[in-house]
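Two complexes come next, and they have one chain in common, chain A, joined by chain B in the first and chain C in the second.
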Partner chain A sequence: MIKINDLGFSYGDTPVLKNITMTLEEGRIYGLLGENGVGKTTLLTLLCGLKKPMAGSIVTDGRNPFDREPSLLSEQYYLSDDNAPVHMKAIEYARNYGKFWERFDIQKFIDLMGLFETDPEQMMNKMSAGQLKKTYIGFALACNTRYLFMDEPTNGLDIPSKAQFRKAMALYTREDSVVLISTHQVRDLENVIDPIIILDKRNVLLNASIEEISEKLYFDYGSEIKEGALYSELTPGGCIQVFPNSTGKESKVNIEALFNTAHQHKGLIKGMFNN
Partner chain B sequence: MEINNIFNCKRFGKYLVSDLTRCGANFGVSFITITLAGVLAYLVAGTVSMATGSGWYSSNALIRTIYIGISAVILICTMPAKCYGFITDKRAGANWLMLPVSTTEKFISMLLNTMIIIPSAFLGGVLLLDCLIVALDPNLDTTIIGGMKELSWLISEMAAQESEVNAFLTENIANDKIFLTSIDDIATWILMFLLGALYFKKNKATKTVLSWIAVCIIISIFASPFMLSMSGNINMETINAVNNGDLEASYMIVDELINKAIVFDVILDTILMVGAAVGIFFRIKTIKH
Partner chain C sequence: MEFNSNKAIYLQICDSICERILSGSLAPDARIPSVREYGAEIGVNPNTVMRSYEKLTGEGIIYNRRGIGYFISPDAGKIVLEAQKKEFLESEWPLIVKKIDLLGISLEELLK
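After this line comes the complex of A and B, so read on.
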């Protein structure tokens, strides 16, 4: 479990995160959403110990991530948005570094490379950006860590690869792990992420499970524009509208519409979800 | 099972091998080129000589020693940045920091690779290649080890033609005591270049050289009064006495001066090495991406 308490961070005089408090629990794949520059990557790097909090604390299983102790590092993996093209074959990279994660499974890495249709014998510095990303995703999942932080994992992936990524997440994520995925590509991960965290400038706007969201908001996929919608968007087949769920009816949560609703009604959404 | 977060022999062993593998991937080609540079220079000198109609030119031990000396300087300047400079890069550095190995283990491995394993491999490689050249070239009969002895002898001979004091001084300069102090100088340089590789993001070697020059200027300013007070016993009268044949007293003064200079050099290098090592450790411990 990760406990974040009153977390604050700034770059020089520019505050990025302020008074962030939340708990990340096992067995969930959190989707971290937010506009550009709200601090999604900063939050991920703070959680994995690449940065030091300037205020507040992060406690992962009773430990401070910035101490970078091997006991915690072997339980977590951070997949950066931008990956290093190492001068090694993918399989060599996996053998050379995988051994430091106690539960690293080389066969799982090979299976994932097969799923991603990427040759593990290929030099990583000769790979395309998408192939390189898939190699790192394969490595991250093969590490079998309890904490997995992924920054924009589907960026740069082609359409089949995005489907492969969803399949890999479904098949190869540990049941007791905490996965936090920062993304702008919400459609790529619509059926993967739950709960949803929406970061606003410096703060958490929403942190709720899909079930909680559907209890409090109703997503209408009709063809008519109705009054009282918090958010409306025309789509090729009709429109998506978001209403406060006053009737208790169930609906499928559209994360993109949710994000836009939260963005347009910050105070209302924050109050509704008690963040 | 409780994991030791400071040092674990098994984990360290695995990491050392993996770290060396990465050094090989990052610096292997450059290392081979630098190690072969002496042989290449020997071949180029011979080929150019042949092409100009002067027959095969066999570079003697002294010239081959100079080739290797230049290669060693290039190795010291480039190796730390090539092996560990990636740590300041956001992408590769983040991967490295997130590796489940303790800061102490990463630090020790870094020192072992840059100060012992890679320099030893270089030295072993160049000496082996030199023996090979001497074995294959019928015009040569002296390896560079023999050449170094010849160089020391040559300097002594040249100095002896001027005065006995110079001969005495150069003998001391060429002796093992001074040779050993130059080893700690090399270790200091490697640590300084490693420190530069971890702090500077771009033009690491150039910025390290410039910073090193600045440090040397500062040290000289503070060390000059100390050195002058040490050498105050030597005055023109002593030197004149030496030139007049009264050598015994002057030998003792000169010997004492050299010993003091060596002690000063060792103390200074130790301070610099400890300072650089502490700087490297804390850089690894606190670097953020």
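After this line comes the complex of A and C, so read on.
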């Protein structure tokens, strides 16, 4: 479990994260959403101990990630959005660097490369951006860590690779791990990420499971504009409208509409979800 | 799997399994994929599939054999049929009646 309490961070005079309090639990694949510049990547790097909190604390399994204890480092992996095209075959990279993670599973890496249709014998500096990304995603999942942080993992993936990524996340994440994915590509991951975290400038607007969201908000996909919508958006087939859920009927959560609703009604959404 | 309806995803997964029970492609005592396998097949979070399986288990449509997996109940067909009849009569039929009214279709036209 990760407990983030009143976390704050700034770059010089520019604060990016402020008053961040939330708990991340095992067995979940969290989706971390937020506009450009709200500090998603900063949060991920703080969580994995690359940066030191300037205020508040992060406690991962009772430990402070910035202490960088080897026992915790081998339990976490941070997949950056920017991956190094090293002069090595993918399989060699996996064999050499996998050693740093206690439960690294080379067979799992090979299986993932198979699923991603990427040749593990290929030199990483000769790969396309998408192949390189998939190699690192495969490596990240093969590390079998309890804590996995991924920054925009579907960026640069082609259409079939996105489906492969969803499949990989369903098959190869551990049941007792905390996975946190920061993303703007919510359509790629709509049915994968749950719970959803929405970061605002220096605040957590929402941290709730899809179940909880569909209990409290109703997403209407009709053609009629109705009164009292918190948010509405026209689509080619009609419109998406978001209402407070008054009937208890569970609708499909549209994450883009959720995001926009949360941004237009910050106070209301925060109050509704109690965080 | 393309999710188009307005229903929550876990309910759409339930519907899809129920449809396969009615069509006979899932027979009584047939094993259904594990939550992970099924999640991978349709690109959905395994926890969502778990919610579907829990709901279907609660309704007696599937059953769990610990450590082995989930199976279709012997009376699944009957239960699904009953539930869908009820659903049709309570929520779909009134909409059809409303549309018939709206379009002013006569009984003769309907029976043609």
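Everything below uses one rule, namely that the second predicted complex is superposed on the first by the 275 of 275 C-alpha atoms of A that agree within 3 Å, B and C clash if a C-alpha of one lies under 4 Å from a C-alpha of the other, contacts with A are read in each partner's own complex, and residues count from 1 in each chain.
Criterion: a contact is a pair of C-beta atoms (placed from the backbone, for glycine too) under 8 Å apart; a residue touches a chain by one contact, two chains touch by 3 or more.
Please read all numbers here as calculations on a predicted model, not as lab measurements.
Contact with chain B, but none with chain C, is seen for A:87 once the two complexes are overlaid on the shared chain. When the two structures are aligned on the shared chain, A:170 is found in touch with chain C, with no touch to chain B. In the superposed pair of complexes, A:22 makes contact with neither chain B nor chain C.
Looking at the shared chain after the overlay, A:55 reaches neither chain B nor chain C.
Using the contact criterion defined above for the overlaid structures, shared-chain residue A:221 touches chain C, although it does not reach chain B.
Contacts of A:101 after superposition on the shared chain: chain B is touched, whereas chain C is not. Of the two partner chains placed by superposition, only chain C is touched by A:192; chain B is not. Those residues of chain A lying in contact with chain C across their complex are 27-29, 163, 166-171, 191-194, 210-211, 214, 219-221, 250-253.
Listed in rising order, the residues of chain A touching chain B in the complex are 45, 48-52, 67-71, 73-74, 76-78, 80, 82-84, 86-88, 96-97, 99-101. Across the complex, chain A is touched by residues 3, 5-9, 11-12, 36-37, 39-48, 51 of chain C. If you check the complex, the residues on chain B that touch chain A are 3-5, 8, 11, 14-15, 18, 21-22, 25-26, 86, 89-92, 94-95, 97-103, 285-286, 288-289.
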